[in-house]
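Across the two complexes that follow, subunit A remains constant while its partner is subunit B and subsequently subunit C.
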Partner chain A sequence: MVSLKEKFGRIVGADRVSDGAAERYVYSRDMTENPPHEPQLVVMPSTAEEVQQIVRLANEERVPLVPFATGQSVGGLTIPQVDDAVIVDLKRMNKILNVDEEGMYIVVEPGVTFGHVRKYLDENHPSLRYTYPISSPFTSVIANALLQGLCDLSTRYGAMAEFINGLEAVLPTGEIVRVGSAILGDDNWFGRFPLPDLVGLFTGWQGMTGIVTKMALQLWPKKPFTRHFALFTFGEFMTTDLLKQIARGDLAEDAGALSFSVVKALIGMPAPIEAIEGEPDYGTFLTLSGITSLELDEKVRVLERIVDRSKAEEPKNLLIPFEAVARLMSEEAYGWVDFPSDSFKQLTEYDGLTWMGTYIHPKNWGEALFKGRRIVEKYGYELMAFLKPMKGMHFCEFKFIIRFPRDDENLKKVRQCNNELLDLALDLKAIPYKTPVWSARKLHERADPNFIELVRRIRNLLDPNGIMNPGRWGL
Partner chain B sequence: MTSDGSVIEQWLHSCVRCSNCKYVFREYFPSCPSGEYFGFETYYASGRIWLAQALYKGELEWEPSLLDPIFACTTCGNCEVQCLAPHREHIVDMIEELRARAVQEIGGLPSHIRFRENVVQFHNPYGAEHHNRNLVETHSLPLQAETVYFVGCTSNYRETQIRDATISVLKKAGVDFTVVDEYCCGSPLIRTGQLGPVNEAAQHNVDAIRDAGAKRVVTSCSGCYRTLVRDYPKLGIDLGVEAVHITQLLKELIDKGTIVPRPNEPRPIITWHDPCHLGRHMGIYDEPRAVISKLPVDLVEMETTRENAWCCGAGGGAKAAYKDWSVETSKKRIEQALRTGAELIVTVCPFCTRNLRDGSSEDGPPVIDLTELVDRFI
Partner chain C sequence: MLDAPKDFIGYLMSQLITRQLKDPKLESRVKGWTMTVVLATDYYPVTLTFDRGVRFSKGAASDATLTVEISFGTIIRLVMEETSTIKAVLKGEIKAKGMFRHPVAMKRFYGLLSAALKG
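Moving on to the complex of A and B:
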């Protein structure tokens, strides 16, 4: 009898499928506290047609598939939730297929990473930019958009799914479909409207509705005049109020705020970092830009005015140009704002990294931060909050990152801490993002049951054999 | 390191598997020959670190399917350059310890085991008849001298043109040198986790060098150089004399005017391949370039150089155990070399020379050793 491994091998080539103990171990876990679960095989396709054949075979054999880009979701999202899963590692599908200068979009395959997009654009289309996270440069641009993540244009334009113009996917039943304007053919990936917006069948689904093999993402013109600032602030409520004013004024294309401990980590302070009485609580990196220097100068003046006004309440609030930051810290500092991935090394201290991250109503932002901080302090972890005003202040992001050694004691403690943070977030009606299974289950308990039922129904409709990432998102 | 000397234990809680080891930082060229070819996460440094940790903690049982991810690595060290985490300087050490543990637990790869048997029986990994000492007669070398030229097995039994060019250069420069009854330095065994016979061979070399009354050892092999300078002290072996690489000596001889390269027209365009054992492992990048700058050649660098240089694919036992991949890796380097328009590819490591040649087409630029190039012009 032909083994499953051989059958997959016939599709992708024998050396692109493995059931080795090493692969089963490494793909069974990620950096988080989410419990590991071994797959039976790992396969590495290199074309959409191979993905299609993999999905068809999985249907015939009733084998669960788990798409994998780089396994850095920080939510255990590539850890199989059922036995005998097959990981579909997409890293070989790594082509940048097209950049349309006029339509301002890029078409990529799922293995393409932020670092590669950045380099490609800088070298070939220097007038255009994409938007970048604080993850390692080598995470998937497509996975990030599918997970509705946030990058350094999200303060202005929102979660990353908003950047999607259209996509191509292999459905759980094996058909290759396109959604968006490219249904009229290639070279036409200009947008999603006016059509039934089926991009939503794939975003936020954590690989349960098919495998995306191509995606068109919006690029933006680089503004010729840009300046960066660092804003140091005190207190959770005052900090979030100030950020709300800045974001509502449409002054900054990015405003990423970090606990001051993270700023200290950035300048090289060794772990563990403790907060010191009297130091600022938050440091925010702001990017302002303009088509003319006049426009930029005016934005800077408005920003300065807003910060000055805030001093009536907190005189120590401090706005400094980035040139001063770079002089104080190091030239490397420009990297943190130019390509935020460059600043991520501070998160590689241990073998463990996790977070409880959410999108939240602006009115609850300050409270979430204030109470969340107390929880993290109670557990004795470093304060590593990240917050961002999203989409011109229509909503906000906050998360508490924990870097930790993955020993038994910390795994237990981190689980408890994240649990408490999630309860707090749900009390404040925040929606957890990149939602691990345990977290999704808690969300289900509180969410409108008809919504959860609708999600289930859509999933069953698309995937009658239940082969795509079963168990994910608590389904 | 911890009390039992385990570097894996020392870094048991490091590495989030962030992928930085996979690419050249800020340049985004691939950096890992193994991961680039095999593709699975287990073939990148981060995957191997997770395996090492898992095996150490007992989360994973030893079994033969682990051997490929553990051994299909050239230990080129490019991951160490790109990694930003605290364990970055110790990745190759972790991989070598993992290999030693693998050999102990389930035995090594057959081609590596052959090395070991050959080193024990013939004192070189190739199983060639041990004839090192004949060089003294052939080249009328003294029995005792200030400098010992440590030839290295690959130059002595395979890439003999490197040995001959080195001897020629040393003679032309009037260096008081000899060759001793050297045994394999141990590099192929250390790189493949077979530490058993290393100390005995190393001690033999120490004794032979001492008996020659030498004050220093010079070697034209980057692997031997790394081993004599970095590994011997770790194994508790005191070489007793200074060890230098031929590029350091050549620079010294040229700087002092002891050897004076002749002008030559037209000046050939060359490109330079940094051997991993000399560059990333020992930090020697400037000396070979300084030597080249004094030769009548024009150097055009490849797109990845110095600490970011793409590996030739031969090291870490890869050439013996994974021929196809090893040559594929070399072909990528050759493609980089071809893009420079070079007429000659120059390096200074017999393994690199051999493998780059294996990756070249017949009508491509020849691959030669720096000692050969110097010998041509003095």
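Moving on to the complex of A and C:
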């Protein structure tokens, strides 16, 4: 009798499938507190056709599949939720297939990372840029877009899923489909409209509706004049109010605010970092740009006026040119704003890392931050809030990151802390993103039941055998 | 020689001054200084204790040789070389208590501060 391992080996090659104890261990966990669960196998396809064959075999054998791009998400999102799962590791599918200069998009496979894209564009298309998050440079750009994360253009353009022009996916029943304008063929990935917008069948689903094998993502012209600033502010409400004014003024293409403890970590202060009375509460990195120096200078003047006005309420608010930040703190500071992945290493101080992040209505942003801070302080963790005005201030992001040593006591404590943070967020009608299963279940309890039922129906329609990432998102 | 302060301004000053003290001649001179300087910023005060080296601590020592009042914004303007310590003193952006009783300490500290902020 041919084993499952041999069957998958016939598709991808025997050396690209493993049931070794080391692989099963590595793929069973991430840095978060989410419980590990070992898969039975790991397979590594290199083409969409191989993915298609894997999915067809999984249907025949009723084997659950867990898509895995580069495994950099922090949320337990690639940890199997059922026994005997097969991890489909897509990192061998790492080709940048096309950059269309005129249409300003890039077509990539799921193993392509932010590091790859940045290097490729800098070397081959220096007039264009993609958008980069505070996450490892090894993060898959497709996974990040599918999970509706955020990046250093989100203040202006919104969550990463907004950047998707179209995609190709293997459905849970094995068909290869395209959505978006490329249904009329290659070299035509210009957008999603005017069509039924089926990109939404894949974004936010955490791999339950198919395996995306190709995606077109929007690029943007690099503006020739750019300046960065750091803004030091005090108090949750005053900080969010000021950020709202800056975002609504359409001044900054990025405004990433951090608890001041994160700023202290960035300048090299050793862990654990304490928030000291009298220090600013938040440091925001702002990026302003213009087609001409005149445009940029005028934006800077407006920004300075907004900050000056805020001094009537808090005289210690301070806008600092990044040249001063670099001179005072470190030349590395330019990396924090030029390629935010550079600052991710500060979050890997310990072997544990977790976070609870949401998108939230602007009216509740300050309160969420204020009350969330009290929860993190109660548990004695470093204050590491990240916040960002999104899409010109149509909504906001806030998250609390906790870096921790992975011992039993801390695992228990971070679970409790994240639970309390999520309860607070849901009380304020925030929507958690990149949700681990426990978090999705809490959302289900409060969400419109007809929405959850619709999600179930769509999933069952697309995946009648229930092989795609079962148990994910609490379904 | 330097403790690592837990607060932002203390840590920043310690890093900037440490850079300067890589010059062995200056390090040797500073080791000979005995004085206590309070840097009273608008965020909070930090005490620099010069005694065979420099120690940084948050808060204001009551027996300070010098107390230098300066906002963090003025520190930034000094870093950007938009002003100088002399100009800032003349404009009242830097105020010093103890300057007339301890002119040598003042000269030493301003020299070190200027060099540290210019990198």
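Just so it is clear, the second predicted complex is superposed on the first by the 475 of 475 C-alpha atoms of A that agree within 3 Å, B and C clash if a C-alpha of one lies under 4 Å from a C-alpha of the other, contacts with A are read in each partner's own complex, and residues count from 1 in each chain.
Assume a residue touches a chain if its C-beta (ideal position, glycine included) is under 8 Å from a C-beta of that chain, and two chains touch if they have at least 3 such contacts.
Everything numeric in this text was worked out from a predicted model, so none of it was measured.
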Subunit B and subunit C placed together on subunit A: clash or fit? fit
TODO: For A:Glu279, select first, second, both or neither according to whether it touches subunit B, subunit C, the two together, or no partner.
DONE: second
Q: Look at A:Met31 in the shared chain and tell me whether it touches subunit B only, subunit C only, both, or neither; answer first, second, both or neither.
A: first
So, does A:Phe163 touch the first partner subunit B, the second partner subunit C, both, or neither?
neither
**Request:** For A:Met44, decide between first (touching subunit B), second (touching subunit C), both and neither.
**Result:** first
Answer with first, second, both or neither: which of subunit B and subunit C does A:Phe138 touch in the superposed model? first
Vertex subunit A, Cα centroids of subunit B and subunit C as endpoints: angle rounded to a multiple of 10 degrees is 70
Smallest inter-chain Cα gap (subunit B/subunit C, superposed on A) in whole Å equals 18
Within their complex, subunit C touches subunit A through residues 4, 6-9, 11-12, 15-16, 42-44, 58, 72-73, 75-76, 79-80, 117, 119
Within their complex, subunit A touches subunit B through residues 15-16, 18-23, 25-27, 30-31, 42, 44, 70-72, 89, 91-92, 113, 115-116, 118-119, 135-139, 342, 344-345, 347-353, 405-407
Residue set of subunit B touching subunit A in the complex reads 12-20, 22-23, 26-28, 38-42, 47, 50-51, 53-54, 59-61, 63, 65-66, 68-70, 84-86
Residue positions on subunit A within touch of subunit C in the complex are 232, 260, 263-264, 267-270, 273-274, 276-280, 315-316, 318, 320-321, 323-324, 327-329
